[in-house]
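In the two assemblies presented below, chain A is common to both, partnered first by chain B and then by chain C.
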Partner chain A sequence: MISSQTFGDPGKMRDYHYTGPVEHRFSPYAFNGGTVLAVAGEDFAIVASDTRLSEGYSIHSRDSPKCYKLTDTTVIGCSGFHGDCLTLTKIIDARLKMYKHSNNKTMTSNAIAAMLSTILYGRRFFPYYVYNIIGGLDEHGKGAVYSFDPVGSYQRDTYKAGGSASAMLQPLLDNQIGFKNMEGVQHVPLTQDKAVQLVKDVFISAAERDVYTGDALRVCIITKEGISEQTVPLRKD
Partner chain B sequence: MALSNVLETPAAGFNFDNSARNAALEGLFDGQTPKPPKTGTTIAGVVFKDGVVLGADTRATSSEVVADKMCAKIHYIAPNIYCCGAGTAADTEKTTELLSSNLTIFSLNSGRNPRVVMAVNILQDTLYRYHGQIGANLILGGVDCTGNHLYTVGPYGSVNKTPYLAMGSGDLAALGILEDGYKPDLELDKAKELVRVAIHAGIMNDLGSGNNIDICVITREGVDYIRPYQVSEYKDKRETKYKYVPGTTPVLTEKVVPLKLEVVEETV
Partner chain C sequence: MALFQVSGFTSYLELRGQILPAGQTQLVDRTNHYNFGTKTQEFAVPLGVDPSGFLKSCNRDGGVCIDLNHGTTTLAFKFKYGVIVAVDSRASAGRYLASNDVNKVIEINPYLLGTMSGSAADCQYWERLLAKECRLYRLRNNQRISVAAASKLLCNMMLGYRGMGLSMGSMICGWDKEGPGLYYVDDEGKRLSGRMFSTGCGSSYAYGVVDSGYRDDMTVEEAYELGRRGIAHATHRDAYSGGVVNMYHMQEDGWIKVCKEDVSELIHRYRKGMF
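Showing the complex of A and B:
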């Protein structure tokens, strides 16, 4: 949270007995850093995030993962303003329970994505400052990734990076998974092991150059067997 | 309803109420009490028995992106004076270069080694003249005929002379270590270790500082510029190599222009 008082014209000394209105500026948002990444495969999905929570130049926590488990087949990664991330995941959890009680079945990944879009747009004029990426398995058991902007625009992707280092990671993924900007390369389908290895390498690179990414990497791998988690250390400086 | 500490004046001095509880806890944990789980720059300097030790991290940031992982923040001013710079990189670089040139001219004219206080005065004059527009936070350290000196000069032209200093975005983290560990007339090894730990605290707790630690030791005998003094423990080891086969980037057109060269000298 940033609070500051603006003085008249810059460079001019304020009058000593100034009693007129003074503009105060309070920002309801803070930027807590963090990067999330999701990749969809043939029969698996991976959602990964770093675990650093920062504000300004300080670190609040070195162990605050940004992936949250929603159902047995869906994980959401949220980065941006941590306060809104927590509230948003609470709201999604409540809505999942309500759906389960009314419809007697668990929400599917695409249903959760559509619902999240309406939840976010409901706050169009005071948005949740969160960059969301949902990763999971669709009804046919294929990997699915849905990426969102803070006000609810979404689309289904094969891979997406969000958060502070997203601009560094997305081009790398475009090249390695989407085979973009390359010629004469065989388009081999992505295996689970290759995808996990790529995700780890990509985060190691992001931690080198982005100050808000680091400490540790939490990888959630979603398959029909369930959700398995791995934690890999990253740079702490 | 006023708070209780507003109505009564708090007792002077430190509050040792928790020391009995802490001692009991240490016994419970068998001594292994739980440890509580960082331009950005951290620079520090310490005066020790035989001279001055300066230290700096090596990360240069451009807002949230690391621009340089191995930048040199300890600048040469004179054979007996070095300067650590925090703030705008270009400003620290050019101000120290200008100062160094001027002091070289002075040395050649007068036949003397410049004194640290002279460097400080020139810097203070320059920075004050620009009223803070030059964003340079500098720590100057050196040894001259009058002794071992450590000064800090701020961007508006303020000067402080103390036996230990830290500047930059990681200064509070480093200062905590310096305040705890500094003693007058330290030995060389202890002084180097103190500065190393101080910079390390800045690297770990400040996002604007990171990577390696550089140390510069200045004594009457000479200067020992150790770069890097400590390499970062974090290596970017990736699991696979990402190499591209020639031909991956398509060649659309090719135009070859031969350079007409004249053989001037031939050595076989």
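Showing the complex of A and C:
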């Protein structure tokens, strides 16, 4: 729509802007940033997330980790819209308790993953804006990672990155853990220490180039002894 | 209230209860997080908005970008020795490649397979539900469900949600009393029986390859090679297909998994025949 103000006094440059009607509408979603990563090893799993909570150009909090402990052998990382992350984790906790009361046993990682898929699909037409990654130990004690899309499609992986810097981190993981596009390299299985170091390095790179990732890194390491947590500082700018 | 009853007015909720079949699914009035949906599955719907266009309209504001996993090439054809099912393994979310090793064939039972193309979540959910219904049928009737009936069940599930933005193109393949069976079911409620189908964004390429090489009296090895070529060439030309070729062969005594081969290696092998 051409504004009639485009042609003003001779020699004077007019501002060009749209002057017609604009539709404003309430959006039920917001994007709060954050990156989550999970890696599965032979007898361990690692779930890591940054702790920055942002919205638009502002940072709401520098200490809002995105990993949530579900059971002694499972941790979930949720990034996307913080409101939906909180509600979703509340629902998962309630369902875990219901299962424990009905069946007298804790839910296994793959059962939690299947349950989360149906919870997310129940909102197929009005989705939870959350990208989930579950990391934990399966019934045989081996590391397992399950990655989801916002409406519940899921699969088991060895490693996965989700959230705002996922497109930057995933190729790096494909190369370092999956040995993709590397020739003449021996495929050594990942040790726990090497995996933790790799996760820290990878997040430092993400914080360099993604505005929504930074402040601090929370790493949860799941082994049969339990869940141990580490916090590592990242760039605060 | 007396006037209420005399006027014969039925409230919206009652009317909806009569129209919608009582059974698996229920529409709740308001988006309620804590019903949990454990006994009957419930679906939340945004109020006052058309569900199929809702996500797209949200994607314009403030950095919000909800992309769902999509995309494929799948193919299946009947021949003298059974049914060959071949699928690729790529899932894309918008322009980002979410995964290159998705399993797009669901093994419903040893005599039934379902393929998935379109929206990954829709396919996984509804075909898993179909697997549950097939199992219940087997327990209630003491005989395996026929391929025609299984595909009809899936088709009716899709018809219940027609117009709400689901996206699913699936082939139900099996071997029952009538012999080998192959049905194509999609989210519009289409259900077709046929000798050969291909679905997904790379389907046109797969059709070209399989149509030119298909003969009903092929040997088993020739059929495997045809299925492999169909998917490999489709992934070569379609950006949203790729990964590995997962191939199954449905025989009289059940299905077997034939192979799982990387498409880039296949294309290298075929390169001698290409320019």
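The working rule: the second predicted complex is superposed on the first by the 213 of 237 C-alpha atoms of A that agree within 3 Å, B and C clash if a C-alpha of one lies under 4 Å from a C-alpha of the other, contacts with A are read in each partner's own complex, and residues count from 1 in each chain.
By definition in this document, contacts are C-beta pairs under 8 Å (C-beta built on N, C-alpha and C of every residue); 3 or more make two chains touch, one makes a residue touch a chain.
Just so you know, these numbers come straight off a predicted model, no measurement behind them.
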Request  = Check the residue A:D63 against both partner chains and state whether it touches chain B (first), chain C (second), both, or neither.
outcome  = first
Request  = Using the touch definition from the top, say if A:R209 reaches chain B (first), chain C (second), both or neither.
outcome  = first
Ask   = Which one hits more chain A residues, chain B or chain C?
value = C
Request  = Give one of first, second, both or neither to describe whether A:A94 is in contact with chain B, with chain C, with both, or with none.
outcome  = second
Request  = Tell me which partner A:D237 touches in the superposition: chain B (first), chain C (second), both or neither.
outcome  = first
Request  = Tell me which partner A:S153 touches in the superposition: chain B (first), chain C (second), both or neither.
outcome  = second
Task = Give one of first, second, both or neither to describe whether A:L86 is in contact with chain B, with chain C, with both, or with none.
result = neither
Request  = Could you say whether A:V22 touches chain B, chain C, both of them, or neither, answering first, second, both or neither?
outcome  = neither
Task = Please work out whether A:P127 is in contact with chain B alone, chain C alone, both, or neither, and reply first, second, both or neither.
result = second
Remark   = Where chain B and chain C land on the same part of chain A: residues none
Query = For chain C, which residues are in contact with chain A within the complex?
reply = 31, 33-34, 36-38, 41-46, 51, 54-55, 57-58, 61-69, 91, 93, 96, 98-99, 101-103, 119-125, 164-166
Ask   = Taking the complex as given, what residues does chain B use to touch chain A?
value = 37-38, 40, 59, 61, 64-66, 69, 169, 203-211, 232, 234, 236-240, 242, 244-245, 247-250
Of all residues in chain A, those that touch chain C in their complex = 25, 27-31, 55-56, 81, 87, 90-91, 94-95, 98, 117-127, 129, 147, 149-155, 157, 166-167
Complex interface listing, chain A residues touching chain B = 54, 57-59, 61-63, 164, 176, 181-185, 197-198, 200-201, 204-205, 208-212, 234-237
